[in-house]
Structures are given as structure tokens and as C-alpha cells.
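Naming follows writing order (A, B, C and D), and every chain is counted from residue 1.
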Amino acid sequence: MASINLRALAPIGVFFLLCFVIAVFSPNFLSVSNAIRILNASAIPVVLVMGATFVILMGSIDLSVEGIVALCAVVTASLVLNDTTGANLGLWAVPFAVLAGGLIGAVNGATHVYLKVPSFMVTLGIGFVCLGIATAALGGFPVRISDRGFRALTLGRSLGLPNGIWVAAASVFVALIIQERTRLGRYVYAIGTDEITARQSGVPVERTRVLVFVLAGLFSGLAGAMAAAQLGQGHALIASGRLFTTITAVVVGGTALSGGVGSVLNSVVGVLIVVVLTNGMVLMGVPPFVQQGVQGFLIIVAVSLALDRRQLEVVK
Amino acid sequence: MTEKQKELLRNLVPIFTLLILVFGIAAYEPGFLRPANLITVTADTMTLFLMASGATLVIMLGSIDLSIQAIASMTSCIVAAMLPIFGGTALLFALAAGATAGVLSGLVVNYLRIPSFVATLAIGGIMTSVAFWASDERSIYISDADKSAWLNWATGTTGGMDNEVLVGLAVLAGLSAILSLTRFGRLVRAVGSQERAVVASGINVNRVKFLAFVISGFMAGLAGLVMAARLGSGSPTLASEFLLPAIACIIVGGTAITGGVGSIWKTFVGALIIAVVRIGMTFVGVTVFAQQIVFGLVLVLAVAMTIDRTKVAVVK
Amino acid sequence: MTAVNPVLELRNVTKEFPGVRALDCVNIHVGRNEVVGLIGENGAGKSTLVKTLAGIHRIDEGELIFEGEPKSFRSPRDAFNHGLAMVFQEQSIIQTLTVAENIFLGREREFLRFGVIDKRAMNAAAKVELAKVHLDCDPAQKCARLDFAARQMVEIAKALSLDGRLDGDVVILLDEPTSVLERREIDLLFGIIRELKAKASIIFISHRLDEVLEVSDRVYVLRDGAVVHETTSSDASITGLHEHMVGRQLDHQYYRENKQRAAFGNPVLSVRDLSIDDEFSNLSFELAEGEILGLAGVVGSGREAFARCLGGLLPPSGGEVLIDGKPVRLNRPHQAVNSGFGFVPSERKSEGIVTGLSVAENMTLAAGERFSRLGFIRFEKERTECQSWIDRLQIRTPSSKTPMQSLSGGNQQKVVLSKWQIFGSKVAVLDHPTRGIDVGAKEDVYELIREMADQGVAIVLLGDTLEEVIGLSNRILVLRDGEVSASFDAPVGGKPDQLDLISKMV
Amino acid sequence: MGKLIRNTVMVSVAAMLSTGINSATFADDLTLAISMRSLSNPYHATFARGGEEFAKSVGLPFEVLVTEGNSEKGLADIRALISRTNGNVCINVDPNDSPDAATIVDEAKAAGAYVVTQWNKPDDLHPWDHDPNYVAHMSFSGVGTSKEITNALIDAMGGEGGIVAIGGILSNVPAIERKLGMEMAVADTGGKVEILDFQPADWNETKAFEIMQAWLTRYGDDIKGVWAANDSMGIGALEALRQEGKAGSVPVVGIDGTEAALSAVEAGEMAGTVAWDPTWTGGMGLSLCHAAATGAIDIAAEPHAHREFYGTGIVVTPANIAEFRSRDASFDYNDYWAKSTGQIQYQ
């Protein structure tokens, strides 16, 4: 694809460098089983960044990730065989969760576009609303899933790899098609680069913005279903901590927060860097109280190595 | 209405929003309007305002500071740990530590050219580690003797007014003066609206950004001190869950997240709006399950009212 | 002179903005297969007219008639879909998209196969459109990699792509398409326009009167929002048109040659073996107080890079620059400025002015230290000094507190120039200082340049046209492929010929 | 705009007029309230439910406040509640952080409100120093129960091998206590059991999941047992084990007694958990507070053991889960100290 150029390779270089450093400290790191574990731990974040990348490419931001994932995890858990409701939809719960995510995304997008409120605030507010609904709907208790078949979504394996990895791979494929081969994808770049010009060239800016938030919601919904399958339950706190990981991964991958520059493939590499960092921290035996500091330091190093500074006349 | 009057009216919208909220709550629960209660609510808001005050400058640059929460927690630990040993000097140490964190953010953004979103997130991680180290991984109490000797400026009362409010007003006046009367303040606005032109005019933009981050770090440090004084302790998680509300109150006040437009008093009003909504819900008796939902919705609506769309061409 | 069947007609169109009547009862018609020129000074209403046609502004009174029916376009895209394509003065190319994607932006439907875009078909179609403007580039490459002129050709190709895709009439509006093009490319464009005439109608807006006469069949002159003159090109003369435009007699001393200095002060600037890899190499010259040095060269000759280098925006890779005999560092703009350089960038909108600030704030941006004490701004001093500059340069602005973005291009440029005078730069580097501004404003700028030279400022000038460079300069360096190919003295009465320069440029 | 301003002024005037009237009328109504971290975890949800049930039993208005992990918000809400009720309120508080307790007690004392605290308070803050408003402090022996559950884990491992331990937020008091208890129990084995690694997962399921995955790479089969400072993290670790087909073969213990953990104990996938009784702490805390506020008991006259006491934490293992499930969990609101297991001891 045309988007794979040298710039996209810099984060990959950082990724391998990081792997090398960790492997020096902990040879186990390079085992096949650990590679699978890392891919598996990356599955949900990868699905999340697929949506987030489009939003960020457009120059906006989506802070409702945790809210949507939690609410959709609750929706999923309530629709499969569980200890709270009488439903038993099995894997058919997944499309419902994805749709629910898309619906919330539509609310995000419509509020953002038609009330002309910055996406930062809309998604922050809607995120609170989603978490509130997830809490209120269950009164603070989790819904526990007893449907083995449904949990195969992440627990089962196909061709030797956990299914979660396949779901993530499929998401990347779909996102890549959208980015490279559809009008939506092209319009996202156009809007992110220069919205006024894009509008004058006939790009349906409003519709595109709403659709991108819907898209982000759909991916978040899928991630919610996966989270429910992975942990065997749905509750309001299931996604806590996902937001900053997602955005960090997108930025570490080289997508600019100002919009227009980047790609979903970059974000995949970004996720791998962030996940390997967390994994490596434990593998290298970094003392817990300095972990956040070391992680912060390494992210600075990673981004400064991966960023193409010539592209950045202005750093915000 | 002339342009000037319209402009004035647009500027006053955040205040109208605040008044509508206050009287809306008072209509339900008149006790809210008791002077003592209003002073308490204002005093409770001040830590949030202090954290947001410095970050307002950074956001006006078009950047963002995500390290303020970690900085405030860190200074609370430093002051709590050092007060028994060094007395009042501990306050200076803590403030210096806050400013130093800002220095680091400034250096990383300027010289490594890393977007502030990631840079400050990472610096925040490092500050959390410093907090863990300074506090030996636990909460540290501040003895009543130390408190009354060194922290009375933050928690006592002067002429019937809580000192927090006075500190907040002093910061409001000081930073407003910096923003509207000094060359630095003007450059902050300039960089936020058209950085490339400012650079081409021979302004050392790095210096402006650097100073903004230092002020933000310093104010977050001050917020940490006031928090420590109010809660009588320092802890690495003392300021947890303050980050997003702090940024929310900057934007609710009407400062544009894209930079260029904003002021400190708007942040002050924004902080009061956030506090009034939160505390107001307790007053009106909104059930705790619905509070998050109401909070999220009011947040979006408040911003929809307060942001001045005439000054930003594109809402991102 | 009414055409029998005008394709496009404006009848008594009026447009008002708060306090201004931007268009006043304008009547214009464009016949089938006709090229109509539109000229007017800064603020005469040309931009408003274009935006009204494009549907960006609503018409207050009057009507727009297209193909015999009253129309009201909702957006540039709507106009485009009906057959009215525009090439804007400010480029509407999205740099992160490829050439092909830009040409067909918003019209991808044509290439959809099973819901996804068939890139190969799109690139092939783009190739056809690019051939029309004789631009040979890979349609799959990102526009960011093209230079300014090539992007302009892509923009024109985008407009031309309507031809053959539409049943009805096609009107193409070119708003200042030549301002960034070199003569060779302009000739190419004019060739294309003549070819197109057979199939479409064209509205051509330019600030270069000679070009308008060269390519148009008929010319309208706008002044203060109204059409003040209409003539066929064969009957018109440059002087006559100019008089109609400015509403007075043309000063024969267009470039103020009577004010050109013959003797200069002390040497200020010396450039020795200055190089930037892949841009220019071993550039050397000396410049004295009050001297104007013109730089001529085609795009890619290295003159733009050289100007940006002196502005501190492109760090040199070798050689040295001295001001008053002292070496200066040019790695960052503030080093350049503090050493005495004042750079007026060609991209005024993004690099010249700060839109969020007021006129006065822009004027004192560089000289801020002089207007502050202990960091605090001295508002009174700032206000009085700026007001005196506004009066002196006749900058049209309600007050010094007016936001910069509400000024017209020419007035903005005057503010940018005054910024360096207020700062007291020793060397002014002017990169296309008259780009995109009108004749009247241009004359003011020329006047200002002469005045600066008079005060002892050394000036490095990259002109918009060769004529401008020749007219203004004391000395001209011609650059070719990054090296000086010739040097001409240009005293009053001994100005070199354009052809001499061109022969050294290519 | 003019209309809006006019309306606003009218509303405000009306509001000011009614202020005096209203504040006089609601003086008689005692309000019961609970303040805690958040409603989105089962422990606190049950805690709130316990409070609500008591409030229903006495027919008084009931409110729930949440801190959302933010001490300042917790304090501000409590202040707002005290201000609204003119101090005529009983609050059962689980402070966000120990030092908050002191400030809360000060506020209550100043306004004449009554407070019972749970879990977190400074060691030198005692109810009897703040009679009568600071009614009591209830807690569970973090160190002691953690020791017990760790022993259950060691038993399930067969008495020896390496364990990995997942802690809560490093600076949280319960996290510190539970870690300490775990370390003491391990030390008691005299080296037979070894702590391979300790990592904090901040009470977070997903973090525990990821850390467990990394441990599987680092230690592999050397991991003979998993200790988690709460059930959420325990479940996270269990799911990471399940991914590798190891659920049930490596024993996991947690603390809190959530339904998920109890089911896992039943399924034999967890070796144990500690069941607190949040219904009891929620209901009984308020009941005691209510009794002190209404004068049903003279709290100042009660012995220290009735002012700072431990509740009952039951270690639930596969051996006693059936018994635990069938126990009679009901209690009498007026028998305040029936479930107390002694006065709080400070290390």
C-alpha cells in the first residue's frame, strides 16, 4: 500500500530496539509463547486504536473510549448466558454490542457537529454518561458470563493463535481498507489536513465527522465485547486505564494529534510498543514504584526516536 | 448592538451559565444560597482552579499539560515528608519541584520536539515515581503543629473569608495580569493562534512555551500544597481524578482547546461551574446512580453555551 | 456589447457586509467560449464576487443566471457540479492526499467498485487530466512533495477535469492563477486557456494587467464594488485600464525610479560561500546600506531557499554571513532577527501575520522589548507609535486594535513591512512582497521599499515579476541551479533588459 | 436576553426569600448517608445497600455520596450534605484516604453531625477524643485476614513453591496491610514458600491480567500460587491463567468475597477469598450512628472496644464454601457489637 513509506518504518525500528533491550535482560521474552501473549494482550488495544486513529487523523479526539467499552461490555454480558438476565444470544450478542457502540458514537458525532462543541468535551461528557449508565443499570454489580461458547471469542484458538488476535487482525484489515480505499478514509485525511479547503472541495465534512465517530464507536463496541469475553464479566470499571493507553499508542505510532498525518498501521506498531513496554517492565524486574517513571522515560525515548521531526514545523 | 457590545456579551456567557446553574439549584434547595455555603463551595473549588490556572496558559498555546495531577500529588508528598525536618523550607522545595516538572516538560517539548500530550503524560509518570519515592509508598500525615505553623495561609480564615479563596483570588489576579499586561502573555496568545508567523518574526517561541509549562508546573505544585494542607496529608494518589475535571473546567470556561483564545478568569468561572454542578447534585438530591450521567450531560451543554464560536474557524 | 446567449450572468448583484457595500449593483455576463478578464484594486470586490459566484456568500439583491436560469449555488462544490469550476487564489490542495485524490476529491463515486475506490482507475484518469496541463508527475504521489507551482497546475487540472464529465456548459474561473507561476508556466497556461476556449467559458482574474489583456477577449474593471469599465481587449491599453482601476492617472514612475539611490552607505551585509545542500551553493556578495539587491531565477534556482535561509528558517550547511563585519548565526529565526534581518515571507497568511492578534500587536511583535518595561507592555507608547505608522503608511483599518484578519491583503502586507521598520532591521529580506496584492497597494509597497532604502536599510528582494525586480533593484543577481549565473548593475537609465536576465535564468 | 435576565433575577429573589423559611423547617428530619469510593464495585454497592436497608427500617431519608477516588470531591460532598441538613445528619464514611477521616470528623463536630468511619483513619485519631460526634470506627484486620488467606493459599500449594503477588495501589492503607500480612505468612514457612515477584495492579482487573501474562513468561511453571490483594485482581489473574489453560491448576486467592470470586472458589479455580460483610458494615455503621444521634445509647460512656472494633472477615475456601453459602447472614440492628471481633490493635 502506498501509505507504507519510510516514515512508517521508524516506529517499527523503535519496537525492535525495545524488544532487543528487553531480551538482553530477560531471554524468555523472545519465546513464541510470550510473543503470542503480547499479541493477545494487544488484541483489545489494537481494536480500540483502529477507531481512535481515524478520530485523531481528523484532528479530533475521543475520550469516551472507557465509557463505551464498559457499557458495551455490560450490554454483551447481559445478552449472553449470564447470572443476571435471562438472555442467551451467544455470539449474536457481539453485533448488538458493536451496534450499541456505534449508536453512542453517533451521539458523540452528532453532538460534536451539530451543537458545535469540541470533541474533547463531547466525548468526555458522553464518556461519563456511559459509565454512569453502566453503573446504574447494574447497581454496581458485575454481570458474570457463564456462556463458554461466547467466551471462545477470546479464549478459543484457531490455527494455534487465540481468537482475540484474529479478531484484532480482521479489525486492522477492515480499518486499512477504510483508510486506503474508501471515500470516508480519504475524507478523513482531507479534513484533518485542511478542513476549510476540504469543505470547499465538496467533502461532506459534517457527515464524515459523524461517521468517523460512529466508526470509532463500532470499534469500541467490539472491544467491549472482547473485554467481556476475556474477563468473563461486564461491569462499569472493566475498561479503566484504556483511554490513555489508546491515545498514547496512537501518538507513539506516529499519528499527529493535530490531524492529517498517520495511519492505522502506525497505530498497530504503537500498541505493540506500549504493550511490550508494560510486559518488559515486569520481565526485567523493574521495581514497582519506579515503573511509571521508567515507562514515562521510555515513552519519551521511543517517541523521540520514532518521530520524523522534519514533518513537525510546529510542535503542540 | 454594536460589535463591541456583542463581544462583551459573548465574554459574559460563562458567568450567565454559572448564575443560571446557581439559581437553578437554589430554586430546588434555597439553602444553597446561604453566604456560608457559597463561601464553602468556592473554597472547595479552589484546588481545582489552582490546578487548572497554570494549565490554562499551556492550553492557550494550543498544547496540553497532562502532568498536573501527578505534580500536585508529588508536591503533597514532598511537603508532608519534609515539613517535620525542614519546616517552612519544605514549601519552597515542593514548589520548586513542581516548577522543575514544568521545566522537564518544557525541555522535552522544545528540544525533543515531542507533542505535549505525550511529553506531559510521560513526565507525569516520572513525577508519580518521584512521589512514591518521596512518600515511601504511603500516605504521610501532617501534624497539627506543622499544619498550623506552616500551612495556615492555605486553610485558615482571614476576616471571615477562607484563605483558599484568597489564595485563589491572588492567583487569579496575578496570572490575569501576566496574561493581559505582559509581553509573555501576548506571545502566549500569538503562539496559540499562529505559531509559524511568530517564529518567523524572530520570537524565541521555545522560551514562551517553556515558561508556560513552568508556570503550569508551579501552579500544579501550589495546588498540591493547598490540597495537602486541606487534607492534612500527602499521598501519591492525593490528586487522583483531578486531571480531566481540571481540563474540563478550562474548556467549560470558554478557552479554546485549539489555542489562541482564553483567559484565567474564564477558567475560574469554569471551575465554579464544574463545582456547582457536582455539589449542586448533592444539594438537589440527584441519586448517585444518575450523578455521573447528569454531570456528563451538563458538561456538554455548558460548553455548548460557553464556547465562543466566532473566534475559531473550525471546531475540532 | 451584450452577447446573444450568455452562459453566466450577474444581474444587479448587491452584497453588503456590516458597514461595507462590497458589491454594488454589479452586472457581468460571460458568453459561450469567451474569456473574460476581471481586474480591480485591492478591496474593489473581486474576492467577494468570486465567493458570491461560488456560493460561499449569499447574494443580497439581484440574481445569478446560469444557462438561462436563475441559480443560487450552495457551496463551491454545488457550483462545480453545475459546471462552474474555480481555481482559488489560496490553494485548495490537500497536501496529505495524492495528486489523483486531490483532482477527484469529492467525486470518488466514479471510481467506486464494490464500495471501495479503484485506485488504478483513478490514477489513470488523473494522468489524462494532468496531460491537459502538461504536468508530468506520478498521480499516486502525495501533493506535499510537489512544489508550489506544480500544485497550482494540479489545481487547474482539477478544474479542467469537469470538461468531458458534464453535458452542459462549463465555466472555469481562475482567481489569480499566475501569481506563483514562472513565465514558462504562464505561457503554458495561456496555451491551455486558448485550447479550452473551444469547449468552455473562462473568467480570468489577475493583478497582472498585461496578462489579462493577453489572454482575455473582454475585460471588466471593478472599483469600490461596482463595475466602472467594460472593454474588449483589442480596444484597451494597460495605462487606460490602470487609470480606471485606481480612479486616477497612472504615475509614470511606477517603480519609483526617481527615488532610487545612486550612492550607498557603509557595507552592512556580506555573504560568503553560503550553501544549503540540494538548494544552492557558494553564494557570495556584499550589500551596503540603502542598496536594493534583486534576485532573479526560476523556481528551483535556489533563491527562495536563500531568502528563507537569511530569515533563519532554513539553516545553512556551509559558508558564513556577516553583518557589520561580525559573523551571525542563522540556525533559528530569532538569531537572524536579532542579528538585523527582517524577513517578509511569501506565505503571508501562515507566516507573515498572526491572525489572532490586533494590528498594533502584529506591528510590535518583533520589537516587543522596546514596548515593554520589565516584561509589562507599555500600552500608551505602543498605541501612539502604531497609530503614527498606520497614518504614515495609509493602512486602512478602523483602529490599531482591529483584529489582523479583518484587513485586506495589501494592508496586511503593509503591517508586516512596518513590523520590521519598527524593529529597526538593518537588512530586509523581501520574499515576493507584492504577491497577491493589487496595483494600488503594490504602489504603496514600492513606495515603502524606497523609503526603507532611503533610511539606510539594505534590501534583498525576490520580486513577483522580472519587471518588478528590474524596476526596483540597484543590482541584480541571477541564480541558476543554485549558483549565481550572472550579475547586473541596474542604475536608473541603465536597467538591464528582461531578455538578458531570462537568458541567464534558463 | 432581557427576558432571561429578568427571569433569573425573579427566581433568585424568590429563592432568597424562601431560604430563611426552609432552613428552619428541615431541622427535625434526620438524614442518613453513606460515603464511599464508588458505586461501580460490588463491595461498595453492597455496602450502600446495607445502609439503605437500615434507613428503610427506621423510615428516614437516605443518601449515597461517592468520592470517585478523589478526596477533595468526597470532602466537598460531605460538606455540602452537612450544610444542606444543617448538621442534622448521620454519615457512615469509608474515607478515600486515611487522612481524610480527620477532616471529616472536624467538619462533623463543628456542625453537630454524627460520623462512623470504615477502614481508613489515622492511627492517632480516636472516636473517644471527639465525643460524641465521632461515634465509632469499624474495620477489619487487614494484616490478620491477609495472613489467614495466604495460609490458605500455601495449603492449597502443598506447603511449598513460588508465589507471585499482586498488590493494590501502593500507598493505600489496605494494600499496605494486606501485603504485610502476606509477607508475614510467607516468612512463617521458613523459606519453603518464596515470593517470586510483587507487582501492584492498582486494584484493576485488566492490569492484573497483563501482569499475570508477563509472569507466565518470566517464571512459567515456577509459579505455584497467585496471591491478589483483592478479588478483582484475583479474577484478572485467573483469566490470564485460563487463557493458557492453567485455570484451576495454579491456585489463586483474593480478598473481598465478591460473587465472582465465591463462584470461582466453588468451581475450584480459586483457593480462597475473604468475605467481609459489607451489608453489615453499611447497615450497622449507620445504626450505631443513628443510636448515638438519637440518644438511644450514650456513646461517650461506651468502652473503647465498642468505639474501635474489627468486624468478622470469613476466610472462604473450597472446604467451607457450602457452609458459608448456607449461613444465616441476618443480624439485629440493635445488637451493635454482636459481630465485633475485638478492639482494633495498632502495629
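One rule holds for everything that comes next: a contact is a pair of C-beta atoms (placed from the backbone, for glycine too) under 8 Å apart; a residue touches a chain by one contact, two chains touch by 3 or more.
All of these numbers come straight from a predicted model, not from anything done at the bench.
Each step here moves to a touching chain, and the least such steps from chain B to chain C number 1. When chain centres are defined as mean Cα coordinates, C lies farthest from chain A. Counting C-beta pairs in contact, the pair that comes out ahead of the other among A-D and A-B is A-B. Note on chain placement: the centre of chain A and the centre of chain D lie 33 Å apart, centres being C-alpha means.
As a whole-number value, the distance joining the C-alpha centres of chain A and chain B reads 29 Å. Work out the mean CA point of chain C and of chain D, and you get 70 Å between them. Chain A and chain C have centres, each the mean of its CA atoms, that are 44 Å apart. Touching of two or more other chains is recorded for no residue of chain C. Multi-chain contact residues of chain D (touching two or more other chains): 39, 170. Taken residue by residue, chain B touches two or more other chains at 132, 137, 196, 289, 291, whereas all remaining positions touch fewer.
Taken together, the chains touch in the following pairs: A-B, A-C, A-D, B-C, B-D. Remark: chain A residues 2, 177, 180-183, 186, 189-190, 192-194, 197-203, 260-261 touch chain C in the complex.
Contacts from chain A toward chain B in the complex involve residues 58-60, 63, 111-112, 115-122, 124-133, 135-136, 139, 195-196, 244, 247-248, 251-252, 256-257, 259, 289-297, 299-300, 303-304, 307, 309, 312-316.
Contact residues on chain A toward chain D in their complex (touch as defined above): 26, 28-29, 31, 33-34, 37, 40-41, 83, 131, 134-135, 139-142, 144, 154-155, 162, 227, 230-233, 235-242, 275, 278-283, 285, 288-289.
The touching residues of chain B, when paired with chain A in their complex, are 61-63, 108-110, 112-119, 121-130, 132-133, 137, 195-196, 244, 247-248, 251-252, 256-259, 289-300, 303-304, 307, 309, 313-316.
Against chain D, in their complex, chain B makes its touches with residues 9, 16, 19-20, 23-24, 26-27, 29-34, 36-37, 40-41, 44, 47-48, 132, 135, 137-139, 141-142, 227, 230-233, 235-238, 240-242, 275, 278-279, 282-283, 285, 287-289, 291.
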